[in-house]
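One structure below.
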Amino acid sequence: MEIRSPQFKANVREALGNEHLQEALGKVRTGFTGKRAIARAGLPEFDELRDQARDIKNHTFSHLDLYYDMYEERVRDAGGHVHWAGDASDAREIIAEICQRHDARSVTKGKSMIAEEVALNGHLEELGMEVVETDLGEYIIQIRNEPPSHIIAPAVHLTKAQVEQSFRELHTDLPPERNLDEAASLVNEARHVLRQKYIDADIGITGANFLVAETGTSIIVTNEGNGDLTQTLPKVHIVLTSLEKMVPTLEDVSTILRVLARSATGQEYSSYTTFSTGPRRPQDPDGPEEYHVVILDNGRSGMLGTEFQDMLRCIRCGACMNHCPVYHTVGGHSYGWVYPGPMGSVLTPTLVGVDKAGHLPNASTFCGRCEAVCPMRIPLPKMMRHWREREFERHLSPRTVRWALRAWAWVARRPALYHLTASCAARVLRIAALGRGRIKQLPLAGNWTDHRDLPAPRGQTFQEMWRAGGDE
Amino acid sequence: MSNIDSKANRATIMANVRNALGVDASSDATRRKTVKARLSKHSRNLIPERANLGAPERLALFRAQAEAVAASVAEIKALKDVPQAVAAYLRDNNLPQRVRHGADEDIAKLPWDSVPTMDVDTGPADPQDSTSVSKAFGGVAETGTLVLTSGMDNPTTLNFLPENHIVVLKAGEIAKTYEDVWDRVREAYGAGQMPRAVNMITGPSRTGDIEQQIELGAHGPRRLHILIVAED
Amino acid sequence: MTDTPKVGLFVTCLVDLFRPNVGWAAVKLLRDAGCEVDVPRKQTCCGQPAYNSGDRADTREIAKGVISAFEPYDYVVAPSGSCGGMIARHYAELFDEGSDWRARAEVLGAKTHELISFLVDIRGMKSVDTEFGGTVTYHDSCSGLRELGIKEQPRALLASVRGLELKEMEDAEVCCGFGGTFCVKYPDISNQMVERKAGTASATQPDMLLAGDLGCLMNMAGKLKRQGSGVQARHVAEVLAGLTDEPPIGEAD
């Protein structure tokens, strides 16, 4: 996927001018947040479960190598195969090779952010395979040739009318006079169109929300049932996942599952939580004949032991973006790559480089709402600040900003000079306000005054008044 | 063979991991012990109080939770009442009197011919099937969740392909929590072992992908009907 | 500690420069709460602009200045959740664990409070003896709310103001888009956020918008004025102290 993060500011301008997007985002602001709040209120132990979920992942990371030993042994015992991909290209090739070995022509896919990360679809299509996304949101953006704008609701940036238009353009074999006014009719149409795809597919590819060391199990958490049809009907099931998805036991994953759906969609539990262990057994009448797990690193092992390790706890629930006022304003595409919102602002610089994604950790007010709702208690603002520190150290931030900052800091370390400067500013700005109490336009402060007035100082600083004995 | 050396990739990644963790052979013994203990003890983390209830209240909670996510529930006395209950459900919903089920004894040996109008197929689902009948391995009161396990008895495709899914659940197998079910899975399949698929099902298929409006029946069953059987 | 604790008032750079009246309001409220108030001359800024821009070295130096200036006091109080949060929650992590400065930062952090929460939680203030005729709405500033848990305290004291009616706005806890340097680094996004905030605040049709942080207030008041709105804005301390002779934020004399 093309990295458009460097053009963040241009992306934002486009997003702010996009009426459909702004309409769709209006629903994100209220929908997800309200549902999560209700789910949280319904489980008194919720916050304590978050602490435990955090501890489970921290424990897992400090024993990750050993848990993988056990996991792989279990997968092999169950007749499955584990493949290791160092980077995106490895993952693409491993999967392509499995597909080609089976002369695959048609591939169905459950929703997988890792597949987006490694740009899998394009690769398989180049090799002549038909790749069909089966999650409704993913299907919609696939036919519109767009990247996802949200990690659990990929088409959340679109309105119903836009979906209808896309369906009419693509599904030309259906009667043009059909009524698609209701969301239900769009859902039905997608159900009808995709049904045959599941049945015809040679290979089914899904992601995994978790891997369980105890049993060699991969888990998907879904609502539509598409993931299950994708992985059950074809003769080969490929799980594409990443290094950090491990948990030790079924008990441990149960704890994390209790906070996942509640944080994501506000459901107490998703419709389908599916635990898969190996291929079809000798007596089984259905299920895939082959089961492959592809584990992607792509820089994640390099996050262990650094100030970004906590990010590896992320379970991709989307609560951070659902609650982010910046995401609510600019939408997911503005972030310019696979992962939007606060989690993307931390993760994307790790995966594509802070030189390309530097805007992301900067475009935050540090309001802290993301951290407040994160089920895994990831200190997202703190890690965005770490990125800013790395940028500053590497002189990646704009020179004018650096210069102004250093000059200001130099003054701020010298109280006498600071107070003198403040006193002067109080007077000058007071005069600039022309007795109106506020300033409409101020040279060098256009970024402020283009959009809002600048309340003017009163002419004297508090320090001056205090020293002058103003309180007596 | 592959151009990708998976084994070498694994070695590199694990070396990175171990390096980042600052571990070596000397610390491995203790770490191994910790891991082994964690994997074998199956210690529970915090269990929410919600489902800590006696059997009748647990059943009531299961039912309320399942209904809250748009499943329908009927309580029947005995397994032998299943065919009539299935027929009634199909009739009430104007559905064809035809079902498919697996080899599960509790379902297969039922007097299906007591409903002469009903056609009964067996085996994994066919894309044309309208309604399937499965037997749950258990239920979880906490969230109204059904647990189904793969195999001849209850083929996984029955859970997802047909538009209507009817699940028979014995009242005595409604557990408080997921953890209770895991204990039973270990008992049935052996510690560390799992059937190919364990499907936790909480309500029918749904999607919110169009303007976050919840619509049932995205790709899986539109309807989920649960028959809770009182007697064992 | 004596019955009359010595409080070092951390004025904050915005209050110092733009709105001294908030400083006076803080002084009055602290004295009403039985504190002796001093304003150390050696204070400047808490260092957030540098800290949030990734300039750790300068932040550290600025923090050292603040720590030295305020160590002698029983408490450090700031009329801002943002600056108070910076000293209370972030100073310590600027310094290496085990270092002398780390220890000093931790001690200072533990006795640093935002004004209103200090009055209510530490000094046990339950009411103020003042009046304000009109309806107000209250914006929860992010740092105060999420770093310091300030939510009920200002509302409790506002409830005791004679004649004042509080009408809660929708999304009172959502960021106004100020974010320090954010508002000038990403003006388009900030503008959209403050427009939304001005909209939800205005929707309650209040006479006055209140908050506990001057940065947010300047942002919101600046937007309201630009829109030609009649909704006025003040720091909550001004109303609680009864110091409302001064024109509201951004208004002419």
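Labels for the chains are A, B and C, by order of writing; each one numbers its residues from 1.
The rule we apply is simple: a residue touches a chain if its C-beta (ideal position, glycine included) is under 8 Å from a C-beta of that chain, and two chains touch if they have at least 3 such contacts.
All of these numbers come straight from a predicted model, not from anything done at the bench.
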Chain whose averaged C-alpha position falls nearest the assembly-wide average: A
Chain whose Cα centroid lies at the greatest distance from that of chain C: B
Between chain A and chain C, centroid-to-centroid distance (C-alpha), Å: 32
Separation of chain A from chain B, taking each centre as the mean of its C-alpha atoms, in whole Å: 28
Separation of mean Cα positions, chain C and chain B [Å, integer]: 52
Multi-partner residues of chain A (at least 2 other chains): none
For chain C, residues that touch 2 or more chains besides their own: none
Contact set on chain B toward chain A in their complex: 2-4, 6-7, 9-10, 12-14, 16-23, 28, 31-32, 34-35, 38-39, 42-46, 48-50, 65, 69, 102, 123-125, 127, 143, 145, 150-152, 155-157, 159-161, 177-179, 182, 185, 192-213, 215, 217-221
List of chain A residues in touch with chain C within their complex: 9, 12-13, 16, 29, 325-326, 329-330, 362-369, 371-372, 385, 387-393, 397, 401, 405-406, 408-409, 411-415, 418-419, 422, 425-426, 435-438, 445, 447-448, 450-458, 460-463, 465-467, 470-471
Chain A to chain B touching residues, read off their complex: 24, 27-28, 31-32, 43-45, 48-49, 52, 56, 59, 61-68, 70, 74, 78, 82-86, 90, 93-94, 97, 134-137, 140, 153-156, 159-160, 163, 183-184, 186-188, 190-191, 194-195, 198-199, 213-217, 223-226, 228-229, 232-233, 243, 248-252, 254-255, 257-258, 265, 267-281, 283-287, 297, 301-302, 304-306
Interfacial residue positions of chain C with respect to chain A in the complex: 11, 13, 15-21, 23-24, 27, 39, 41-45, 47, 49-56, 58-59, 61-62, 65, 69, 142-143, 146-147, 171, 173-175, 177-180, 182-194, 196, 218-219, 221-223, 225-226, 246-247, 249-253
